[in-house]
Amino acid sequence: MYPRLTFWLLPALLLVAALSGLLLGSLDWRTVQASSADIVTDLRLSRVLLAILAGAGLGLSGALTQAVVRNPLASPDLIGVTAGAGLAATTLMLLWPDLAFGWLIPAAIIGALLAVLVMLALVGRGTLNPSRLVLVGIALSSWLAALTDWLLVSHPQKVNMALVWLTGSLWGRGWDHVWILLPWLLVLVPLALMLSLRLDLLALGDEAAEGLGANVRRSRLLALLLAVAMAAVSVAVCGAISFVGLVAPHLARLLVGGAHHRLLPVTAMVGALLVLVSDIAARTLLAPIELPAGVLTALIGAPYFLFLLTRYRGW
Amino acid sequence: MQGGLKQGLQVSRVVAGLLLLWVVGANIGVAGPVTPPQRVVVLEYSFLDAVVAAGVSPVGIADDKKPGRILPAIRRQLGDYQSVGLRGQPDLETIASLKPDLIIADTRRHQGIYTALQDIAPTLLLLSYGAEYQALLDDARVIGKALGRAAQMDAQLVAHQQRMSQFATRLRSDEQLLFAVVSARGMAVHGRPAFASGVLHRLGLNIALPAGSQQPYVRVSLEQLAAMNPDWLFVGDYNAAQGGADILRRWQQHPLWPFLKLSRKQQLLNVDPNSWSLARGIYGAEQIAQDLLATSLARSN
Amino acid sequence: MRLSQPLSPLIVTPCLLLVLLAGIASAAIGGSTFALTLTDLFNAVLGDAQNLAAQLVLGDAQNLAAQLVLTIRLPRVLIAATVGAALALAGTLMQGITRNPLASPALFGLNAGAGCLLVLVQTGLLPVPLPLMLATALGAALAGGLVLMLGGGLQGRIHPVRVVLAGVAVTALLTAMTRSLLILDEQAQAVVDWLSGSLVDADWHHWQQLWPWVLPAGLATLWLAQPLNLLALGEEMAAGLGVSPRRLRLQASLLVVILAATSVAVTGPIAFVGLLVPHLGRALVGSDHRVLLPLVAVLGAALMVWADLLSRLLVFPAETPVGLVTALIGAPCFLWLAARQRGAS
């Protein structure tokens, strides 16, 4: 735990990553300078900003989910949020391809909310028993994924677009998408940060929190709602980038400990860094062919998650 | 599904028309000589076909980084070009750096990045993936106009029709044909709307079609193949270089196989899926005709 | 999670067997592009070999039907039934050892492993050429083994939640890789169909690779029935009665991997059979594994056979992957079961 160092170092790292995101791409710097097209401002800057925004959204969503479920292995991927948003967005893309992109975000939010509502209904109101939440979430996710697969198979001509989106990629995203995502996060992120003090109370346990005057159920529901909304807007713009919501809070906890007023901002930065680095690698590794950023986050995140799993002693 | 396709086609037509108006109209609006686009980027093989037919060599092609998929007849007429990556995910940076003055993109694939492409250069959206042969020829005319080479294109198309008619007279038409693409796990028959079927139809040949199906690509089992029972089966395998799919080998050992007409007549042929399915254009159509003429379908006289 | 009074297995089993037989008969002749009749089925199955050989040489329409039933329909139906039974058994074992009613073989990452290796073969990226069946079975077994290891199999302590989470992580990783490969090589997208489970090219050849694994493993599950009953009473109780929960979990997990990996290698991932059928079985006859295991095998077989028939009729004459049909049947059932379960808990 190095809170002070972290608060200096992380923004600096993020800045460095952002700068290299502007410098690196499928074309080398000399070619970019030589061409009169505004590649840096038109294409690269918008993608760097989007990666930061989406990564922060996913990371925060993960931290909030873990706070609500009180299980360090929970994440929006595990409780059906990503799968719900994914199903809604795939439905929209395959069945109404002519709709404007702006509809994707509300649809993804509705899909994610519905998934969470179904999950809460299945878990049983009142008690949010953590391990039951995760188990029901996983089962629900796999069902939603099966439906998504069905949509894919029955629309073979549009499989490619949906596959790109389902793996999570920032390909073809630009300023339009920044302006769509930014207002949502401008509202949601401050709300999440405001909630952090109440979350610290929740971490003490239900009874202690009640004793200190917190309305446990309401705080928890609000945090869950925020988590769903943030994951859904990020997923709607960048696709289902996996493991960021899981790994970012963990790394942040290693760096600054579990107090949410420190944890949440650091999680946001770590999440942003993860997605940004993955996106830069995705653009440059096989250029001009682009890899989905989601596979890179999975390649980083899954082994880390499995490592956590073997270390976790709270069974 | 069917309605969606029709609607998509109509929408694409309207979009294409409007864009054409915009492209051509903008050029007319400028006083002085009209400058036709010189630097063209194409994001599908079928657009490459049309652009080359119009006598233009594109500066950027979405060739999936597999230049071998471009037909030899087209490759011969190509100058230096740069690959802009996958057709499904073309690289915007590379496209922008090529400073094109016209981009031709697929309605289905590239709708999501239409505005981004439009920011780089005037963009024409046309249907390529799953498009029918006749529609592709119409779109070639649209591309010719957009390139400011309507006359050349029309001449090419007329010549193409003449050649196709000639090919048609040299082919017997009493048997039923079928084109299918095989992969490791199955066979997809190309149905009525598919490009190859359109070409076969144009050549006056009969197609053994899956009954009642209007989809461009239909997955079938051996049983359904037996039900269609074509006299000829043309098979494309994209992985032929790596040994190919073994599904046909297994089917050939199946007790049902000898019942098929194509097996009794020994009329199973491997063809290049690049020209039969991927190229989707003038050169592809003529390559199909050439392939057919090399078989015993050619009239002996 | 059961009816107020579990039905007697003496009543349920014959009924189910009847449903299965009717399913086999109708799937063997129904949903065909050829108009097949029951007579064709009898001719094919009961007609004497000599007659058949003569028919083979002559090859007129009547005999084509017999040929069809014998060489395409029967293996397909048998494979459907066997895979259904294997998946149902695997699901019951999974739910038994994890004591988690939502567990299913898919959570072991088997499907994702099989899919990933299949796509590797299809894109030609695998350096050594592998037969398809072997590759998919290998992928499934490797992924399953990995999940077991990470789930605590190495220390011999498989923890229910841990194994499920390991399965989720491995599945997510493998799925992301599979999807990336498909994006990079568009022509490989033909296998998307198989990735949702299909019986399109099932033939005797597949059947011969399927039964030597599934039959012994299926019989071996019966041997675990009584220990599973004891485990349901609680770990301490089971240990006190002479059942080692550790060893039982390991044995059962191995059986699950064998049953599900061979199934997925032949048909691709079939959704929901492994999750749903054990629940239906428990609702019918209660949770005594000695009765439950044989029953779910029959139930799973019947479900798959009917789903296969449905999959051919859905968008006739095109084939719909059977895994989609089971997913579409399974989803509402699953929600209903989950809601009931909530009421019970």
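Should a chain be cited, it is by its letter among A, B and C, assigned in written order, with residues numbered from 1 in that chain.
The definition used in the following text is that a residue touches a chain if its C-beta (ideal position, glycine included) is under 8 Å from a C-beta of that chain, and two chains touch if they have at least 3 such contacts.
The structure displayed is predicted, hence computed values, not measured ones.
Enquirer: Based on CA centres, what chain would you say lies at the far end from subunit A?
Expert: Result for max centroid distance from subunit A is chain B.
Enquirer: Between chain pairs A-C and A-B, which one is joined by a greater number of C-beta pairs in contact?
Expert: When the contacts at A-C and A-B are counted, A-C has more.
Enquirer: Roughly how far is subunit A from subunit B, centre to centre by C-alpha average, rounded to an integer in Å?
Expert: Centre separation, subunit A to subunit B: 39 Å.
Enquirer: Taking each chain's centre as the mean of its CA atoms, how far is subunit A from subunit C in angstrom?
Expert: Each chain's C-alpha centroid was found; their separation is 34 Å.
Enquirer: Could you say which residues in subunit C touch two or more other chains, in rising order?
Expert: 183-184, 186, 193
Enquirer: Show the residues in subunit A shared as contacts by 2 or more other chains, in ascending order.
Expert: 154, 156, 160, 164, 289
Enquirer: I need the residues of subunit B touching at least two other chains; which ones are they?
Expert: Where subunit B meets two or more other chains at a single residue, that happens at 86, 88-89.
Enquirer: What residues on subunit C touch subunit B, complex-wise?
Expert: Residues in contact with subunit B: 32-34, 56, 59, 64, 67-68, 70-72, 118, 121-122, 124, 129, 131-132, 183-184, 186-188, 190-191, 193-194, 198, 200-201, 203, 205, 268, 316-319.
Enquirer: Touching residues of subunit B toward subunit C in the complex: what are they?
Expert: Per the touch definition, subunit B meets subunit C at residues 64, 86-89, 181, 183-186, 188, 210-213, 215, 218-224, 226-227, 238-239, 241-243, 246-247, 250, 254-256, 258-259, 273.
Enquirer: Spell out the residues on subunit C that touch subunit A in their complex, using ranges where they run on.
Expert: Of all residues in subunit C, those touching subunit A are 100, 102, 104, 106-107, 150, 159, 161-162, 164-166, 168-170, 172-173, 176-177, 179-180, 182-184, 186, 189, 192-193, 195-196, 271-272, 275, 321, 323-324, 327-328, 330-331, 334-335, 338-339, 342, 345.
Enquirer: Taking the touch rule as given, give the residues of subunit A at its contact with subunit C in the complex, in rising order.
Expert: Checking each residue of subunit A against subunit C gives 73, 77-78, 118, 121-124, 131, 134-136, 138-139, 142-143, 146-147, 149-150, 152-154, 156, 159-160, 163-164, 166-167, 242-243, 289, 291-292, 294-295, 298-299, 302-303, 305-306, 309-310, 312, 315.
Enquirer: Which stretch or stretches of subunit B touch subunit A in the complex?
Expert: Answer in residue numbers: 1, 4, 8, 11, 65, 83-86, 88-94, 96-97, 99, 108-109, 111-113, 115-116, 119-120, 129-130, 216-217.
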